[in-house]
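For reference, the structure discussed in these notes is given below.
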Amino acid sequence: MTGKYAEYDSDEMMAVAAARALANGVRCFVGIGLPSTAANLARRTHAPDLVLIYESGAVGAKPDRLPASIGDGILAETADAVVSVPEVFNYWLQPGRIDVGFLGAAQLDRFGNINTTVIGDYAEPAVRLPGAGGAPEIAASCREVFVVLPQSRRGFVEKVDFVTSVGHGRGRGDRERLGLPGAGPTMVVTDLGVLRPDPDTAELVLTEIHEGVPVERVRAATGWDLRIAPELARTPPPTEEELTALRRLKAAS
Amino acid sequence: MTGKYAEYDSDEMMAVAAARALANGVRCFVGIGLPSTAANLARRTHAPDLVLIYESGAVGAKPDRLPASIGDGILAETADAVVSVPEVFNYWLQPGRIDVGFLGAAQLDRFGNINTTVIGDYAEPAVRLPGAGGAPEIAASCREVFVVLPQSRRGFVEKVDFVTSVGHGRGRGDRERLGLPGAGPTMVVTDLGVLRPDPDTAELVLTEIHEGVPVERVRAATGWDLRIAPELARTPPPTEEELTALRRLKAAS
Amino acid sequence: MAEILALAEAVERLVRDGDTVALEGFTHLIPVRAGHEIIRRRRRDLTLVRMTPDIVYDQLIGAGCARKLVFSWGGNPGVGSLHRFRDAVRHGWPAPLELEEHSHAGMANRYVAGASGLPFAVLRGYTGTDLPRHTPTIEPITCPFTGERLAAVPALNPDVTVIHAQRADRAGNVQLWGLVGVQKEAVLAARRSLVTVEEIVPELTPVPDGVVLPSWVVTAVAEVPRGAHPSYAQGYYERDNDYYAAWDPISRDRDRFERWLADEVYREAA
Amino acid sequence: MAEILALAEAVERLVRDGDTVALEGFTHLIPVRAGHEIIRRRRRDLTLVRMTPDIVYDQLIGAGCARKLVFSWGGNPGVGSLHRFRDAVRHGWPAPLELEEHSHAGMANRYVAGASGLPFAVLRGYTGTDLPRHTPTIEPITCPFTGERLAAVPALNPDVTVIHAQRADRAGNVQLWGLVGVQKEAVLAARRSLVTVEEIVPELTPVPDGVVLPSWVVTAVAEVPRGAHPSYAQGYYERDNDYYAAWDPISRDRDRFERWLADEVYREAA
């Protein structure tokens, strides 16, 4: 562990890496939790014109603290437009107006499929999770999808127990066969690194590793035989500006 | 012509008779022109709690003068709720929430079917009329429909050239066969009298005649062999209050 | 026209055993006090409908009011899971809970169809997911113009919808604003509706982003200040985030939950 | 993000020969000046779409811009008929005009489908009328849950939608209020959109019954004060009812109409 690594924790690295993925001006449909933290951090740092859309009906929200929930009043108060929930799904998400869908996940598989429904059998679940929420259609309709979740063998599995939201199905070409308009998950940001789908197979491959994290640790936290990109990049550690902005955002909440 | 008849004209009698048909508290989907005049007169006289819904999106409008058009600003300014045009048709009209649809017509037939599309052949019309507007679904979805138009042989025909809005089809039972939820036209108010559908055949029959109008005049202004109800009622002439309210409404416009 | 009633009487008259009941509110304006009144009146065999069942549904389920849940996301927002919900799903305690689960887009459109007097709605949804294998209320439908395949979902028409709003006037016209969720649709889709409000005022003045439900589409209005607590009512009070956090340990344990019910819900009835 | 342009440049860039063009506005906020600019730029073979074509469409048709009209009610509201429209339908002057006619409910839902990225919409409509015999864009559809038959209509997705609004900010965010008709849907359904506004202001403040269209769903904004005249802009000016009445005699006569075109539309170009 380098001196720099000691100055921030892996959750902060995850939030910063996720935030960096959002280009300025992009329209982002934001899930609550880690995606919302990352998106708001991006807006506070390199992407002031990021457009945040929340499924609660806030289009162009500009919260000055992290919203406590997807329906936090600060979203309505700062939004360009407040619309009904049916409208946000029908007029704003479904037609493909949104560049990036930013999702969390309980379980994610080798092909980026997401499970937020049940661990185990549907009728007799080991763990009953919250369910689909907006995710199935966010994953289908946004031009691309970013997923952010901490990496662990429980969370990163060969095949999800339940496909709540489609990533790349069972491999490249499945989205086209299903007629899903967006490109699906193009990036999975974790506390250890960044995974991206292989251009040929759509299997998630480790393409970037965070400063100070050994490759073996990432493999050990992945429930399938993780492939490592030939040119594995190193995530630059959080800058002073990024860390300060992130901590301020969290402190204000 | 009696002394009383000289005090008002037949258009005023028509507006008053139409207004009287609207019970207090009723929800009325109002077409522009004669229906709007009658509905606003009703609200100013015996039906202060009449709920007026205009297809322009004004729900519960309370104009203090006659709106000049279906989208007159006074409708939005005085409405309980202003909604989009899709919403007024989908959430307010279509589910059958409206008691009375109040329509005008260019041509009306023996079974209360309405034509506002073309006189003559569709491809080579003798007269091109404005078209359907909201009428087909108003005629289908309201619990009942009142029609108001001046009586003439040109307007009251055996069979309309084009069915823009369904009345009773070709007779009793046709609405049920078509699956139309509302009862259809239960009353047609003209400058000469009031027609209602025969309970057995649904053919429009003269059930009421305005003060001072000879039956022969009504027959002559009807393009089919008009049946006269065995107990033909006389429309009471406009009261002082009705005439004053009507003239005030018109003067304010 | 809406009748203005006390909450207890309104729930007594409007919510019946076996009903399909929707208490809607998307984080904002959740009709929590009305939910407690349903528990207090010991309604049974309800089919509970809501896009985002949260702690008031956890309470209704734990109290044994529900036999089925129709939903798209069930959790304690910002905190974690619903433990009474989980206990009912996994162990049938206090009663088995049948699930009918959709996505938000599907649920929202089901309400839209219900409000529109249509038997179904069409959306781009569910494709490739495992939801249609477990949820019978999702069917394919073909566009008659393009031949494209889409998803159809049936209308939701609750026997009774309950929402909370900022205010009503004395005639029973209701006004809400801020994040208005799917409340208008849920009321318009329902056979009966109850709106609890922060206050009844002489006159409703227009508000940006406001929704007005005319009195004649509402069955009953009850004045229930802080009726949405621990959720919030924009312009009246903030969300009580501590309450959501405090719910987690209460709900994890059946005994603690039952004590909570006795102390916080049933006691008020006496 | 919307570009702020002069009206002439905006129309030049956004409206092309052969386009499907919707100028929407339900009596209120009709983009009349933009319509005149389309005439002035001598656009041809347009498919004009509008629920309520009124005098600006009469003018576009009379000027020879249109080859087809998709509509639900065409008239001079409060006055009578559209004589240029009639002349085109009956005598093909100055060019034949193909018609595709619907009801308001059908047209509104076609825009909703367009705005929603769906290929079609479902409604209870047209049953028993003669419209489906003449309008090929009405098809039956069966509910997959109840077996009930309803009507389907295809989405409307104009190449360009033009609307008029009260105001925009400098970033191109648009705000309109009052009777907002089907304007939001028409913009969201279109490939390109132009919004003329009464004024560009530093900041949009919330307004009751207001609709905001974020800059990123609008292609261009042009400041055109009184751009809706002779219709009205709530909060800015009243409807000019005399203009509507005066249009009737002008439009009845081809020569008088052509003089009007020369004097009132083409002259401004010089």
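Chains: A, B, C and D, in written order; residue numbering restarts at 1 for each.
The criterion applied here is as follows: a contact is a pair of C-beta atoms (placed from the backbone, for glycine too) under 8 Å apart; a residue touches a chain by one contact, two chains touch by 3 or more.
Protein names from UniProt, one per chain: A, B = Glutaconate CoA-transferase subunit B; C, D = Glutaconate CoA-transferase subunit A.
As the structure is a prediction and not an experimental result, all values here were calculated from the model.
Enquirer: Going by the touch criterion stated earlier, list every chain that contacts subunit A and also contacts subunit C.
Expert: Looking at subunit C and subunit A together, the chains touching each of them are D.
Enquirer: Using mean Cα positions as chain centres, tell me which chain lies farthest from subunit A.
Expert: That would be chain B.
Enquirer: When contacts are scored as defined above, which chain pair ends up with more C-beta pairs, B-C or B-D?
Expert: By number of C-beta pairs in contact, B-D is the larger.
Enquirer: If you average the CA atoms of subunit B and of subunit C, how far apart do the two points sit, in angstrom?
Expert: The answer is 41 Å.
Enquirer: Would you kindly tell me how far, in whole Å, the mean C-alpha position of subunit B lies from that of subunit A?
Expert: Those two chain centres are 58 Å apart.
Enquirer: Roughly how far is subunit B from subunit D, going centre to centre by Cα mean, in whole Å?
Expert: 28
Enquirer: By residue number and range, which residues of subunit A touch two or more other chains?
Expert: Within subunit A, the residues that touch at least two other chains are 90, 94, 141.
Enquirer: Going through subunit C residue by residue, note those that touch at least 2 other chains and give them in order.
Expert: If we look for residues of subunit C contacting two or more partner chains, we find 112, 117-118, 123-124, 148, 184-185, 209.
Enquirer: Run through the chains and report each pair that touches.
Expert: Pairs satisfying the touch definition: A-C, A-D, B-C, B-D, C-D.
Enquirer: For the complex, give me every residue of subunit D touching subunit B.
Expert: 26-28, 51-52, 71-75, 77-78, 81, 85-86, 89-90, 101-105, 108-109, 111-112, 123-131, 134, 148-149, 178-182, 184-185, 209, 232, 234, 238-239, 241
Enquirer: Can you list the residues on subunit C that touch subunit D in the complex?
Expert: Those in contact with subunit D are residues 117-124, 137, 139-141, 143-146, 148, 150, 152, 154, 206-210.
Enquirer: Show which residues of subunit B lie in contact with subunit D when the two form their complex.
Expert: By the definition above, subunit B touches subunit D via 32, 55-58, 68-73, 75-77, 82, 84-86, 89-90, 93-94, 117, 122, 124-125, 128-137, 140-141, 162-166, 169, 174-175, 178-181.
Enquirer: Touching residues of subunit C toward subunit B in the complex: what are they?
Expert: 1, 112, 115-118, 173, 184-185, 188, 211-214, 216-217
Enquirer: For a test of understanding, state which residues of subunit B touch subunit C in their complex under the given definition.
Expert: Interface residues on subunit B, with respect to subunit C: 25, 27, 51, 59-60, 80-81, 90-91, 94-97, 141.
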